[in-house]
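Input: structures, listed below.
In what comes next, chain A is part of two complexes: it sits with chain B in the first one and with chain C in the second one.
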Partner chain A sequence: MTLKWRDVTTEAKLLLVGIPVLLWTIIPVYHMFLFAISPRDQATSGRLWPKEPTLQNFNHVFEQKHFYLNHFWLQLGNSLWIAVAVGVLTLFIATTAAFAISRLKVKGGRTVMNLALFTYFIPAAFLAVPMYKTMATYGLLNNRWSLVLAMVTIASPYCIWVLKQASDKLPWELDEAARIDGATPLQLFRLVYLPLMVPSLVAVGTYSLLLAWNEYLYGFLLLSNEKHLTLAVALGNFLAADDSPWELLMATGFIYALPPAAIYYAFKRYMVSGLTAGAVKS
Partner chain B sequence: MASVSFRNIQKAYGKVKVIHGIGFDITDGEFVVLVGPSGCGKSTLLRMLAGLEEITGGEILIDGKVVNDLESKDRDIAMVFQSYALYPHMTVRDNMAFSLKLRKADAAQTSKRVADAARILNLDALLDRYPRELSGGQRQRVAMGRAIVRDPKVFLFDEPLSNLDAKLRVAMRAEIKALHQRLKTTTVYVTHDQIEAMTMADRIVVMHDGIIEQIGTPLELFDRPGNLFVAQFIGSPAMNVFKGTLRHRDGQSVVEAQGGTWPAGPVRGRDGQTVHYGIRPGDLGLGSAGQGTAAKVVVVEPTGAETELVLEVGSEQLIMVLHGRTAAQPDDRVGLVIDGRKAHLFDDGNGQRID
Partner chain C sequence: MNTATLDAAATRPRKPLGVWGFWGRLFVVPYLLVFLIFVLFPVGYGLWLARSPESYGKLFEDPIFFRTAINTVIFLVIAINLKMMIALYLSGFFLHTRWWIKILAVLFILPWAVPSIPTILSVRFMLNPEWGVINSVYFRLTGLDGPNWLNDPTLALSLSMLMHIWKSLPFWTLILLAGRMAIPAEQYEAASVDGASNWQKFRYITWPAMSGLYLTSTLLSTIWTLGDFNSVYLLTGGGPADLTHVLATLGIRYLRLDQIELAMASIVVSLPLVLPIVYFMMKRLSK
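Entry: the complex of A and B
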């Protein structure tokens, strides 16, 4: 009986925390959705469900029927291109770095890890101006590579750290067995290391991809030509006018939020196991 | 197949020396076991032979060729690890074929050799399984299969049975021995378990603190341990050892200890010298009270075929193993009958055997 009572109170406490957190998360999303399906004149009516829900807004977005949406598909494509490029590049850098430091035990590996950790202490906004200057020096401003390179710089340290921790958990004997079996370091990397790291690679790849997809500040700073903007920055530009088309902004925002949700849902199994791998010594 | 030679091998991690100049030869086809307590350097020695550790000093030769500067893969050796070290993402077949695949061996040849190894090890039915779907013993066999497929000059085993339960360990012990008798490949086997060493080895190398204590066949080590360490390390239950004073009387030697005299056969050594007297549990005979050295029974442990007795003599507790059964009860007074030729005497100073 006492045990049961305790179960009930535990459950109640969890709900007490869980429900506000859920509402906190859901309400803005619902708000966005509400705007997105409301006709223009009813968008700010304050109702919980619009009188005449409509998909007209989405139609406007897809057909680029507004001044702000002239380059919707192009900008969505930019976002996608940049996010994928950042994901792939970060993955390559972080994987090779983690392999070299954790498995090949290259000299200076510890220093690299310490520096990677150190970069956590510097907020990304802090580096915005130096990064802008750097990109200007190399003539990369208003080129999508500038955003890619900046995001790779920001994502890599964390990814190296996570992958290094995960690599350390692979049994050392596997490397030795492979070496005795005749594997070169590259074969070890390709045939033994990579297949065993797949869950962590998926997690880290997704992380960096979403980081780039969601990035606003650096996109705003480094890209200026409308045709080069990412959709995140383009969304911000909606607010430049006094009379912002809120329903279109929200519809576009809703579309923009779907791919991350889908990716996260598809890989959630890896996300949990991958990002926590190496968190505890087993 | 090949011979292996260690010449004055030394190993140091920074300033800490762990192996202090080891040298011995292994002949072609021999099964040599390196045995010793944890930290004695046996695994380090094996790993140096495998090319997984740098050699600080000395030379290692395989087939008469110095291999110090050769990569592991060029030494033509195969190693079985304690943790099996199977590639978790490959099937048994792929695990076994991995080394041949890296060598770009012909596909038909590869599958034939894998099939042969699988037949020898009874793995035919498991070839398409993944390591996680196998039991401990099966994984161990796959690890051996991976070594066999290579047809290497030397097999190296690093405590391969430590992760198995007691029953399986005995079975695998016999399997490895049978495998060696069939393939006749030179084998170096590391273990801390002296029973494994005794049952499997052609020759045993007993190591302790980075040096060799003694090299010999299992029975040589058992019958004539060269020093106190080997005497106490080899044999189970361990040899009874206690201190006493050596006396020579009428061409016979005895040791005075624990208020009694212990026959020691004719040995050299100075009269009055302090020695360690050693006698194996199986070499102690049970007599009636008044016969031989007086003792008191403390514990009787029947194991079926044998009976183990714990006896008290003076302040010393001795273990006796009887082949058969006994009517002796705890607190009984008994006598100890000892054949002096079975006793082992060791110098108190350097622990060396006195003959």
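Entry: the complex of A and C
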């Protein structure tokens, strides 16, 4: 009897933590969803579920039926294009660097790693100020490449670090065997290194892709032409006026948030182990 | 340097760069280019822009800067410590094996997995004094008008901190959870046999094993929080009357006003706080 009573209190204590955590986590996201499926005049009724849920807001967004949404598809395309470009470029830069530092033991590799770590530790909003001036100097302002290159700069240090940690764990005998068999460095890279690194490459590629898709500040600074904007910046522009169509903003925001959330959950296993492995070590 | 590398260096003293060395250098070139063009040049250019003592005079005379400095310190001290303590506590909570905690753990990641713009704007709408859901509910319960949340600097800054915690809590909880899972279960079993209380288990097993990770996480979080532009800008816009700026948003505000020297000066004055942390973190992670 006493044992059972203790079980009940344990469960009750757990629920006492779990329920607030659930509400805290879910309310802002649910509120966004509720707005997105509510008709315009009912969005603010304070009900937990709209009287007449509707997909009309999504329809308005897809058909670009509002001043703020004139370039919705174009901006969605921009976000996608920029995210993929950042993912591919970062993957290339980080993989080659990590391979050279960790497997080829290039002279000065430690210094390169430190430079990358230094970059990783500059607060993003601080680097944004001189980055804006630099892009102006290079004549890249308002060009999609400015955002791509800025995001590659921000994403690659962490990726190099994660890949280096992972590749330091590969057995050194593999490289020796390949060298004895007369493999060239490129063959070692392509045939031995890349196949073994696939899980880390997936983690790192996803990380940089999501970082670029989610970025607001750099897009907001570097791009200004409506047709070059990413969806993130376009969403921020809704705030310019007081009479913004909030329900359309939330519908657009929902569409914008869906792909990264889906990708995150699909690759969660890789992401979490990649992220935490490094952290626990230190 | 170990003996193997010494030997290797000794056996090929004058050999012109071999094919392995050549490819090694070639493979670091892409990153070095990115670093030179998009890190070294901007940082150098920025410091050069901030060279004039006049900028600092102007900066210190700006009442907004003084307020921002205080806001930033408050934000860092309260938000980070609160976040890390909750994360430490919740990492223990998520260790429990229950079917519903498993589901909750999946949902719990949402704030981290979704982009910040739509969720922050969603919270901003909730806080709207006239028709936001929070004041609607408040009115229905009490018959009174709720506060004008974002129009009060103290409330607005506190809400920005909560926004920041909402967004980054899942990440740190995951990190600390991984740290907890690395502690051997036998230690807890042995302590249970000896009749240790939960608090004693935490004090003598969990904390000694986790304190290093906790410190590293706190410092890393300090740097990231300093660079957190979204939580403040998208919720309060720095208002009302520029009273809720932090350094991250103030620099961008000066930049938008075309006062780049002031923007860089405001960043340079924070370097005495940032650089020691950067140095410490680099030593930790480059091991």
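One rule holds for everything that comes next: the second predicted complex is superposed on the first by the 249 of 282 C-alpha atoms of A that agree within 3 Å, B and C clash if a C-alpha of one lies under 4 Å from a C-alpha of the other, contacts with A are read in each partner's own complex, and residues count from 1 in each chain.
Please note the rule applied: a contact is a pair of C-beta atoms (placed from the backbone, for glycine too) under 8 Å apart; a residue touches a chain by one contact, two chains touch by 3 or more.
These figures come from a predicted structure and were not determined experimentally.
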Query raised in the report: A:Ala257 contacts which: chain B (first), chain C (second), both, neither?
Result: second
Report task. Would you sort A:Phe118 into first (chain B), second (chain C), both or neither based on which partner it touches? Result -> second
**Report entry** Contacts of A:Phe92 with chain B and chain C, given as first, second, both or neither
**Finding:** second
Query raised in the report: What is the contact status of A:Val17 with respect to chain B (first) and chain C (second): first, second, both, or neither?
Result: second
Query raised in the report: When the two structures are overlaid on chain A, which partner does A:His31 contact: first (chain B), second (chain C), both, or neither?
Result: second
**Report entry** Residues of chain A touched, compared between chain B and chain C (which is higher)
**Finding:** C
Requested in this report: Mind working out whether A:Leu249 is in touch with chain B, chain C, both or neither, as first, second, both or neither?
Outcome: second
Requested in this report: In the overlay, answer first, second, both or neither for which of chain B and chain C A:Leu174 touches.
Outcome: first
Query raised in the report: Which partner does A:Gln187 reach: the first (chain B), the second (chain C), both, or neither?
Result: first
**Report entry** Parts of chain C lying in touch with chain A, wherever the complex brings them together
**Finding:** 5, 19-21, 23-28, 30-32, 34-35, 38-39, 41-43, 45-46, 49, 90, 93, 96, 98, 100-101, 104, 106-119, 121-123, 125-126, 131-133, 136-137, 140, 166, 170-171, 174-175, 178-179, 182, 212-213, 216-217, 223-224, 226-230, 233-234, 237, 247-249, 251-252, 255, 260, 263-264, 267, 270, 274, 277-278, 281-282, 284-287
Report task. Spell out the residues on chain A that touch chain B in their complex, using ranges where they run on. Result -> 171, 173-174, 176-183, 187, 191-192, 195-196
Query raised in the report: Residues of chain A touching chain C in their complex?
Result: 14, 17-18, 21-22, 24-29, 31-32, 35, 44-46, 92-94, 96-97, 99-101, 104-110, 112-119, 121-134, 137, 149-150, 152-153, 156, 160-161, 184-186, 213-214, 216-217, 221, 232, 235-236, 238-239, 246, 249-250, 252-254, 256-257, 260-261, 264-265, 268, 272, 275-280, 282
Query raised in the report: Along chain B, where are the residues that touch chain A in the complex?
Result: 50-52, 71-73, 77-79, 81-83, 85, 87-89, 98-99, 102-103, 146, 150
